[in-house]
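You will see chain A twice below: alongside chain B first, and alongside chain C after that.
Right, the complex of A and B next:
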């Protein structure tokens, strides 16, 4: 009896102590290592790393590395898409001081992680800074923030945008495949007359909308030493917003939540004739709409100016070494291998549909042949062309999750007939400035 | 049997010289029995609440464009933001409207089902009791996914209706959620009211029957007044549940474009925490908890006064 009581008291004391310690740890020791780029030494002895990603099949790719590097074993943890949960997990884990060594982070979320002091600067790690030439220019700009002596992640893949379209339906209906946005709107009307939609307007994919603004030459954010400039309502944003507002008002685009079962069904049943999307959309379509195999084709994005060739980018990720990793050297070596090794890139494409940010990738077999789902078309030629037409200078804001949510809420209202897409951008801009201020991030007004 | 097993213990306790020792042992035993609860209560209830309050009083400071964040004491800065946040208060208004409509409907149905189960006229009571209660065994998220498919304009088996009346649209989606919540919780509330009905002594009904009361009169004049405390209890549970709506709207977001990230107060907290702005999220939570407490308290006081009158 006595012994039990003693144990219970001990257990009680321990639990309280642990919980309290957990609370105290939550404060975040943010003073340590602002400039992590100064030194990066290999660890002695075997190293275990953890890597969180949502690319399907990444565990198989990592198996290749584990076989060749018995002393640096990497364990893969999978999570939901970044904004659907993994980023929140990362932020929570960073706060608690137990984040994985490596994490997949999209380019648009990198500034957010940097502002939260969640990234290790791996510029000083062997081979990292020299890797610049191996990656598509704009992706390198995204991971360095354009600064010297700074590399916060290794580019993984990119998402140059183009137009997927139902070749068979356009041919049957005798409608020309649109090359400009004006033609696209005209086609939308004809397609609606046939009882289908030209495409779906995705309320939730504000990064898709940003890709369209990117194509039009707009910029939502910029920063210098003074602080951030937030401009969601520039001329180009307005142009894009008004364009889609018009299609929405005429009910010529559907408004299904994207990537939902309903959305898949709508593509599979031929209700959607086009999808303006990124290169990774090819595998999304193939798995979501298997019945339409062989009927799709890819063309460059419609243009604002006749004869133009501008492209936007939607998505694309990097492999970042998260703050608090005990083995940044090994983690950086793994990240470099993962995103430059030809065998790894080929497998990541085969299993996960990644379009690598490494320049060498265009030589891979997977990107030179025809794709059956697209009737044998060499679709990656179109995307490689698009990739070279993406404006290399595009800056993301430091609270992108919040910006996306606020704009997306506004888009939802606009779809329901309350306000317009432009109103949504205006309120999103206001909310973003508010959010930056509340976190003491300097804003220029 | 009971008396014989207790009496030796009593006899032992009554022995004078051992009294203080027994008292200490008793205290130890009490502590031992309380400990498991106390540990869990402190670790998962009291400490998190204190932690949330502490977090809500902090704010972030940093220097320069990419300066590292520093947490400093900010007083009521976060609370000021809470009260200026129109979307948050709109979400509170939304769930209050939801509660005013949905809770009476749900509890009305629960009472009706409980009375039917208790009525002598009904055959197959066991089956109906299980049937009404079954939805509660379905986790809220699963229920929301299932209803999401039923509501969907294109995927629903009732596509003919749902493609005409889009219940997932901005105007109707709140009531679509109300329907899911009602479906899940009617059985649960019914069971609470039903068990309270079972506790009523049958002699009362016999007396009423002798006085010539019909079944409906018995239900209206005897059963309902006697189960009012149970109804109040379910009312308090429902008010708390309504203010804390999260799983259903969150799940239905993948079916409907009309559910914003701040649709309910808890969803707003969740969204704010993912920014990540933990301090503001903590302040939202504290305000929400206080509001829930006050509303439940006011409801209890108001109904108790009525009952005692």
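Right, the complex of A and C next:
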């Protein structure tokens, strides 16, 4: 599921900052007893679980489980997507001690829940640790944080990135489809000369930018026993920031708000020739730009090094067992089933548009055939390939909502000519360090 | 434009009237354009919203509108109808009971002398200054203690309270219910409660309608409290439901159309309530300001 951070969430961030501070004041104590990952036993008798998710149609998927497991009945609860309110609700509920047993949490929000001690370690639950090789490598890294004997969630879906491009326009103009970022910049110039844009720079989607840094091999966060290291301004980040800064300054990319009507219209009218995006972008394009059906194709992301194959990731969620659940064993079994059972995966894709994190996804019918909108191309082969080329060691920080807001503010200014993208990252880094300190989260400097 | 019809008067008065009309015209346009856009957009398919003129209809507007409405009420097992019903219950019943409570409270504060009267009134009045949003989180923790979160009561009970309603009821009762009348009623043997419901409420009717409308609109538009309290989508009011859908547009783009049509449908009850109660509304608003 996409970690799309929109305007509506800005107001919410203010409130969440207040309550976050409240949580941190209580120190690291958890709402439930300090049950470690050492034991995980089945409960006796029938069990009722609650599961909060915002994936449309998930109730239908869960019905499959409920039919087969009369003793473990799961009730689906729903709400807006994570950053739009559900995460804040989770934190409130954890504090009040009435959180749901299971919750959908995006990868970039997991460290926040980990730091606030909101996740149950389910490593000791039957089958969980052994499930590692059923999931795409990098997604497993996201749910274990690289800790030993630890699994804090089960990967649900992912957003491997590639390049959507207008095959017809590139052919007509006689421009080679770019395979490196250098070629991409050259193409941008030619396309601009024809009065169009090669793509749109999404100033509000900092997680998109992070996906690009991820592809370049960068790291924004790392942590060990001594605390968190925040580095939004590393070599790779600088490379990516300067690259897009160049395109912006030459006015070779547009700066429309992502997913807005004008943004859709711009794609629909053929003003945009490419979109560097995640796998879920296929349905976004198909709905937002219906008049261009059949004219698109998908290629791997342009590379920094000739002949490279690195890909980034944009979005994706996990299914976590929240702290205080009385039935972690059953909850873990359900989470495993939900994210590995072929029937469940197929239905979740059909109703909720999920691209599963399970490796077996490539066997699903939905991902094996050609897609009409892309001229019959088997686009999911490209994304499956991209998925295996995502760096498994990328780590998110514990305050991504705040980091996104601050960097996005800076991006907005940079686009208005006040500072650069690199300045925005620098001030975002500063603000993030401040925010960590204010929550008593140790920071290395 | 014909000049002959313009009433004669000093030149500057025509100028200023024109200016005033112009300003009002601009503001009317400013406020009505989004609603017009909403109306027009609800007659389009997802592709047409971006592909056609934003402020005008398409050739097949009417059938598209009805098919959109049909999809709105059938999507996800017709949950939207449920949300409308929930909003109607929260806002309708909540406003009704809230109005009665506010009226009784304001009336008592206006008409009975008792110790601590002013103190109570001032405390209630200070409640006007506290935004409801700031109370949502403490309310959540309190309702968690008594295990009432994610129930109808979690949204309904807090909606019953209206400090502003108490204020308005007190001012209006003081101005419109003569003490002599209450004396006469007492002499005729009417009990206090009977007097209140048969005599006083009628005199206070304009204020009560105003309070009811205020409450109705406030509860109908309330978003933050349900967002925090509710997890079961069959309990959602329409505001929260639409917000949840809207936050999923990027994954399920077809929801865009449903959110637009849903927003249009969700403001219809408010418009209906205003049109029906408009006359009382304006006279009630004036009452507080004269005193």
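Heads up, the rule we're going with is that the second predicted complex is superposed on the first by the 411 of 445 C-alpha atoms of A that agree within 3 Å, B and C clash if a C-alpha of one lies under 4 Å from a C-alpha of the other, contacts with A are read in each partner's own complex, and residues count from 1 in each chain.
The rule we apply is simple: a residue touches a chain if its C-beta (ideal position, glycine included) is under 8 Å from a C-beta of that chain, and two chains touch if they have at least 3 such contacts.
All values reported here derive from a predicted model rather than from experimental measurement.
When the two structures are aligned on the shared chain, A:353 is found in touch with chain C, with no touch to chain B.
By the touch criterion stated above, A:274 is placed in contact with neither chain B nor chain C.
Shared-chain residue A:52: touches chain C; no touch with chain B. More residues of chain A lie in touch with B than with the remaining chain of the pair chain B and chain C.
Look at A:80: by the touch rule set out above, it reaches chain C but stays clear of chain B. Residue contacts after overlaying the shared chain place A:317 against neither chain B nor chain C.
By the touch criterion defined above, A:265 reaches both chain B and chain C.
Of the two partner chains, both chain B and chain C are touched by A:95.
Under the contact criterion defined above, the residues of chain A that touch both chain B in one complex and chain C in the other are 1, 4, 8, 15, 19, 88, 92, 95, 261-262, 265. Those residues of chain A whose C-beta lies close enough to touch chain B in the complex are 1, 4-5, 8-9, 11-12, 15-16, 19-20, 23, 26-28, 30-31, 34, 87-88, 91-92, 95, 114-117, 145, 203-204, 223-228, 255-257, 260-262, 265-266, 399, 401-402, 405-406, 408-409, 411-413, 415-418, 435, 438-442. Note for the complex: chain C touches chain A at residues 46-47, 49-51, 54, 76, 133, 137, 140-141, 144-145, 147, 149-150, 227-228, 230-233, 240, 243-244, 246-256. By the touch criterion stated above, chain A contacts chain C in their complex at residues 1-2, 4, 6, 8, 15, 19, 50, 52, 54-57, 77-81, 84-85, 88-89, 92-93, 95-98, 100, 259, 261-262, 264-265, 268, 280, 283-284, 286-291, 352-353. Chain contact summary for the complex, chain B toward chain A: residues 28, 31-32, 35-36, 38-39, 42-43, 47, 51, 54-55, 59-62, 64-66, 68-71, 81, 87, 149, 152-155, 169-171, 253-262, 271, 273-278, 280.
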